[in-house]
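We just call them A, B, C, D, E, F, G and H in the order they show up, numbering each chain from 1.
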Amino acid sequence: INQGFPEVIFGLGKRPEQTAAIFERLAQTGLPVLATRCTAEAFAAVQAKVPEAVFHELAQAITLRVPEENDRPIGTIAVVTAGTADLPVAEEAVVSALAMGCRVKRIFDVGVAGLHRLLSKRNELNEAQVIVVIAGMEGALASVVAGMVDIPVVAVPTSIGYGANFGGLSALLGMLNSCALGVGVVNIDNGFGAAALAATIVRSGSREAGRFHDV
Amino acid sequence: INQGFPEVIFGLGKRPEQTAAIFERLAQTGLPVLATRCTAEAFAAVQAKVPEAVFHELAQAITLRVPEENDRPIGTIAVVTAGTADLPVAEEAVVSALAMGCRVKRIFDVGVAGLHRLLSKRNELNEAQVIVVIAGMEGALASVVAGMVDIPVVAVPTSIGYGANFGGLSALLGMLNSCALGVGVVNIDNGFGAAALAATIVRSGSREAGRFHDV
Amino acid sequence: INQGFPEVIFGLGKRPEQTAAIFERLAQTGLPVLATRCTAEAFAAVQAKVPEAVFHELAQAITLRVPEENDRPIGTIAVVTAGTADLPVAEEAVVSALAMGCRVKRIFDVGVAGLHRLLSKRNELNEAQVIVVIAGMEGALASVVAGMVDIPVVAVPTSIGYGANFGGLSALLGMLNSCALGVGVVNIDNGFGAAALAATIVRSGSREAGRFHDV
Amino acid sequence: INQGFPEVIFGLGKRPEQTAAIFERLAQTGLPVLATRCTAEAFAAVQAKVPEAVFHELAQAITLRVPEENDRPIGTIAVVTAGTADLPVAEEAVVSALAMGCRVKRIFDVGVAGLHRLLSKRNELNEAQVIVVIAGMEGALASVVAGMVDIPVVAVPTSIGYGANFGGLSALLGMLNSCALGVGVVNIDNGFGAAALAATIVRSGSREAGRFHDV
Amino acid sequence: INQGFPEVIFGLGKRPEQTAAIFERLAQTGLPVLATRCTAEAFAAVQAKVPEAVFHELAQAITLRVPEENDRPIGTIAVVTAGTADLPVAEEAVVSALAMGCRVKRIFDVGVAGLHRLLSKRNELNEAQVIVVIAGMEGALASVVAGMVDIPVVAVPTSIGYGANFGGLSALLGMLNSCALGVGVVNIDNGFGAAALAATIVRSGSREAGRFHDV
Amino acid sequence: INQGFPEVIFGLGKRPEQTAAIFERLAQTGLPVLATRCTAEAFAAVQAKVPEAVFHELAQAITLRVPEENDRPIGTIAVVTAGTADLPVAEEAVVSALAMGCRVKRIFDVGVAGLHRLLSKRNELNEAQVIVVIAGMEGALASVVAGMVDIPVVAVPTSIGYGANFGGLSALLGMLNSCALGVGVVNIDNGFGAAALAATIVRSGSREAGRFHDV
Amino acid sequence: INQGFPEVIFGLGKRPEQTAAIFERLAQTGLPVLATRCTAEAFAAVQAKVPEAVFHELAQAITLRVPEENDRPIGTIAVVTAGTADLPVAEEAVVSALAMGCRVKRIFDVGVAGLHRLLSKRNELNEAQVIVVIAGMEGALASVVAGMVDIPVVAVPTSIGYGANFGGLSALLGMLNSCALGVGVVNIDNGFGAAALAATIVRSGSREAGRFHDV
Amino acid sequence: INQGFPEVIFGLGKRPEQTAAIFERLAQTGLPVLATRCTAEAFAAVQAKVPEAVFHELAQAITLRVPEENDRPIGTIAVVTAGTADLPVAEEAVVSALAMGCRVKRIFDVGVAGLHRLLSKRNELNEAQVIVVIAGMEGALASVVAGMVDIPVVAVPTSIGYGANFGGLSALLGMLNSCALGVGVVNIDNGFGAAALAATIVRSGSREAGRFHDV
């Protein structure tokens, strides 16, 4: 089990040179590094100081020393989205989860307006230890997925939509009021936060497992 | 086809004696009469003046001269609910639709946390001309139903739920932001308004039908 | 009756190349295609791949294979607006309704501050099977139109206005609280959603008509 | 012209004995006295100290020494309501306006869902110097009235309605966003405030008139 | 007395060519014309068609044929502001009031944080027939002015301020909840609407005056 | 591992006789039964039909056949509260978690205004597999606890507080915006939902453990 | 200088017996005790256990061992209110400040609608070390007082008012957006919190004074 | 003790030439001058007229004649931040406090997700006379700091964060609902306002001190 969480930089509201300075300092720890909400300019500034840094454009994230697949031995996180517009948030979650040493399975474009696609994924969903559901508009996907499985669901409301989604409020309230059990909500568009919660759940399970079986 | 909509009294904010006085006056028109949001006290006041009036306790509604089944020749409205707490609103819709001369089919307790119950009703849903979907919490039922059928859905958010439903706001926003097509939203807990829209759709279709086929 | 709804792409939050890729794929189905919320850049990307695609600039929509007028045999949708600022939303509704195989009648600039213009359109309104009312500010037009006719009204709040319209909230709440019967509300600025609901109503009526008269 | 505004007590949040003590003190000034938002208990406490005080139950107001009709020489305020539920607010406005020495004309139950009733009152409306429009739900009445006349409209949103009126917010926003000119808005359910603004307008006009014609 | 209100164009959400086309058409009526919320681009488009049109940059307004001072015989509107940031709204009110044939007096920069400046204007305030108070932040200026005079106050909340002014909401709520009597509120930043209400009050007074004195 | 979740009844908005009827039916399944948000009256109605049912007054919950401690072999949920006013929600969480077969540890009254009490519980916190943090006011406790441990935190905002907590909104937003990692939020006052999420996490871990170690 | 803050119990959401049990325990510390938001029933329960406890009915507070005037040597807090309805909050502030060992000066009923009363208190205001301003409606009193003096103002919004005060939101936003300098805001109706902040300021000044002069 | 507050210009919503004109006028008073929320363009305009003016880029502030350290004899204000994104607000507070003649101590990057850093600053915090706490997200830092010290805390919510911080609302509500005593809140991102309140507290203490010890 990979012990270390990466060092994390939250790029929103930081200037490129601030991000780069912090990134350089963290790179010297030898740990994995993850910077979220970074523009291409921020990446340019980082790369000038840490050439091995990798930019994930869709996710707007920069990583360094993400664990190889063999270093992610347990815990699969399924990342599920309703539609194309949720991709940037989903990729932020995916990149973050990988940086935290988890295995990830993408299940994209399975919104509730066409249930058959989602229903056909039941087995894949059931193989995950945690499911991250990312949806905008009314956010109903979280309720429907949570109703299909007996696995913890981390729900991420997204801010895309027509006017009365009020910057993600509709999906946020929808997910908080889910009629299905086992849903924990994180902030609007917060793919990183979802990954962090999912990774914490994965580790907690592994630790617990160790406690009961190793001794 | 029953031409006349009933005369309608909106009981909220009216005193029993005000409701009774208006009810008595409308009863003299000979048309059906419908009063919504009426307490037992309001009904007592009405009954003292119009003994044939009928009280629908769960719906909090009073009716007079509701058309017999034979006078409701076309147009079935399916009234679908997610759970037990939606019953008062659903019954307001049912009583109102009947008073407006529509046929009604109740499909209750088919919330999305247990999709199988809802999926098993697909045929019944497809037999309706309009579907009224009544749901609280996140209101996801409207999206899922609208995704299953190609029939207009009238969505009614209800106000029951834990704190962050904010008096029905969560279901309201959820339904307005539905990712499925063909959903029109009415006010929170407004079973009567849903029935009125559904009945107007039913009639509009009949009229149109008449226009094309009778001539 | 035209069976097929078009394939639809919701352009908001998609990059031009994403939109173009989906458009190209859908164009191969042979069905009509409709893409909403598309910028001129998105259209350029689409056109490079599907040269017959048509751009509707005011509506910010792209269409392919919209049914000819003879393929739109029944059901007229009246699209009613209060003022000039509602035009983009109205045109999104018009283009969408045409793509869905409906006939459309534009009744523009009939806001309630000058009732005479609206009152003079009573006959035209009464010839529609569904009326789409598009209004910003206080959205009162929906109530006034619904009070004038006995036809379903699909109400679209728009987001234009001075500060306290709060991005369309004033018109949205106004329409949800309409004192007139027969109003179903869709999302703010959602001309496409209004057309989809209106088209679903039109078809539902035709189908019903068929059921009663053809047999 | 009646110079004196009455002394006013705002009863909300005051205990009966507090209201009574203030009322007694003000009664000694010899001026008219007006207390708003008073329960029957508050009136009992007042009456015990000032027996000539008069209770207006529907308006929840107590008055003393309201000017006789001959002491209200100029300025008619039309008080217009949409429906029965607006009556308590309307009567608070009426009682307050009378206490401030204005003439009042009641035009009740002329909501926009049935335009004919309102249109038939055009002449009466045009005879007023100020029009107070009181309406709940979507508050569209203010826009429609203001569009019909060239007289200042004081708009009072009321809090009655189904869930998404959010305690009067829908009517408040509707009135603030009125597409018609000449509308000034006061607080939700604030019949007294509307009367005060209307009376101030009436006096300002009279004073102005005096300035131009007396000299 | 100047009978005619100008023809008005609300420029928000209109393209320059739309504004110019409407402006040209209205110019042909021979009446004064007023267009609000116009950018410099919109003015360029207007000027190309109607060379005599005048641009008021701070007010973002275009006028044509504003009445000369001798054609504005009665009714002074005082336009009062708290601070410099309120100037654009104030000038919109001033230009609009002049276009409507009113006399205007500017009383600027008299915010309540330095009461002495405001108190020194008491006489000027008392010479107005209507006072338009324009303030952002907490909007307290409306209450304080209304408490100083016995003249109708038209209150305009502005949207400038630190974060918790929420786009003008703080001043809007402050003005709606004014503890002083005689305040009517218009929409956030709506200088034009304030002028229209003020002008309507001025005329209503003049008409009333005429009714009592001329006959 | 206890396979079965209890059958659950959500008592809010149900009448005592409705609750009792459902409870009786579910009791016949032989599974554990849990009813939340039940008044003493609801319990009386239940007890009349199912005499072995147990009422948990503080939690407002009714249970039947809660698993004995020996049937709850793995997974400890720590339930942490800030203050006394959070007790009803905390006890709803505790009773629910026990009914779902989890072990529970109460850590009450450790709000952040006196950090020493909380810091002294670090070891107890670290022994849990999931931590449910229940706090009103600003909800800061969730952030501080999540910062202290590397265990998933399920955060429950409560609705108690002075005015600007707006029914729990302050704690809800606080928890959603937590600067610490590993926090999933459930609805305001939703002790039951927190327990359901926590129990799902506990089982997910056990299952995963099984998958890796049993084979 | 009195070192000890009292032990404090926040009564909201606590049952009488809970309050009494905590009160009894704290009484044994020998320190002053203060319990806020206590009903008469709560006081009865407390008094049964701690007979010397004193009930302040208007303030809804219970105290024990409040320091005598001689034990409150420095620091005067002026408690200023706009109107009668603010009294309960003001008395909560007064009782709390006394329990915290401060001297208090009441300046009541000096709302901004009648500026002269407030202006006549300038000297009294200037003698305070901190001023607590308590006002509902638009809360303008805080801005006006802060503009008159060069002393810290602790502003307490109150929840009384007509509909659009939204439970104190109008005064809260007004005070947060104050255009005058030196205003710190506490929660709606939070007289106790205001006293605590004021007392902390008073002590901080004394301590500072000590640091400079005693050494 | 430095008597004079600087002259202050609030740059938001002002054009560079407006700011420069006011700055030049105020520079002639000989007092310190402070302009907040100024862009580089505004500074260029100011510098052209007042060459000695100094620009503080991070703080977006311009100063003139800030008192030298020897002219700031008493009162230390600690400015505490949670993270890097709070820097612009913090620097606005620092520059403002210096311009008002206070001594300032920066304690940055001590957010509650890593309590140890904050706990290690206890002594530095205790040396301040007032503490300004600046934090975004949930704003928990204010509660934790206030719980650690017995010194007045001025809390500044910042607007940076993921979606549900709603422009600073989450931190604002968090700070208003602080469970710790002695917290006064200013507007979102209002570093200047925080400094003004802190400086007023510092002076009030000094004055009080003088009153007791000098005589």
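Operating definition for what follows: a contact is a pair of C-beta atoms (placed from the backbone, for glycine too) under 8 Å apart; a residue touches a chain by one contact, two chains touch by 3 or more.
Note that the structure is predicted; figures quoted are calculated from it, not measured.
Taken together, chain F and chain H share the touching chains A, G. Put simply, the C-alpha centre of chain D and that of chain E have 25 angstrom between them. As a whole-number value, the distance joining the C-alpha centres of chain D and chain H reads 46 Å. Work out the mean CA point of chain D and of chain G, and you get 36 Å between them.
Listed for chain G are residues 83, 161-162, 164-166, 169, 172, 176-177, 181, 187, 193, each touching two or more other chains. Contact between chains, using the touch rule, shows up for A-B, A-C, A-F, A-H, B-C, B-D, B-F, C-D, C-E, D-E, D-G, E-G, E-H, F-G, F-H, G-H. Remark: chain B residues 5, 8, 74-75, 129-130, 150-152, 154, 172, 176-177, 181-187, 193, 196-197, 200-210, 212-213 touch chain C in the complex. Those residues of chain B that touch chain D in the shared complex are 10, 12-14, 18, 22, 157, 159, 167-169, 172, 187-190, 193. Remark: chain C residues 83-85, 160-166 touch chain E in the complex.
Listed in rising order, the residues of chain A touching chain B in the complex are 82-83, 111-115, 119, 136-140, 143-144, 146-148, 161-162, 164-166, 169-171, 173-181.
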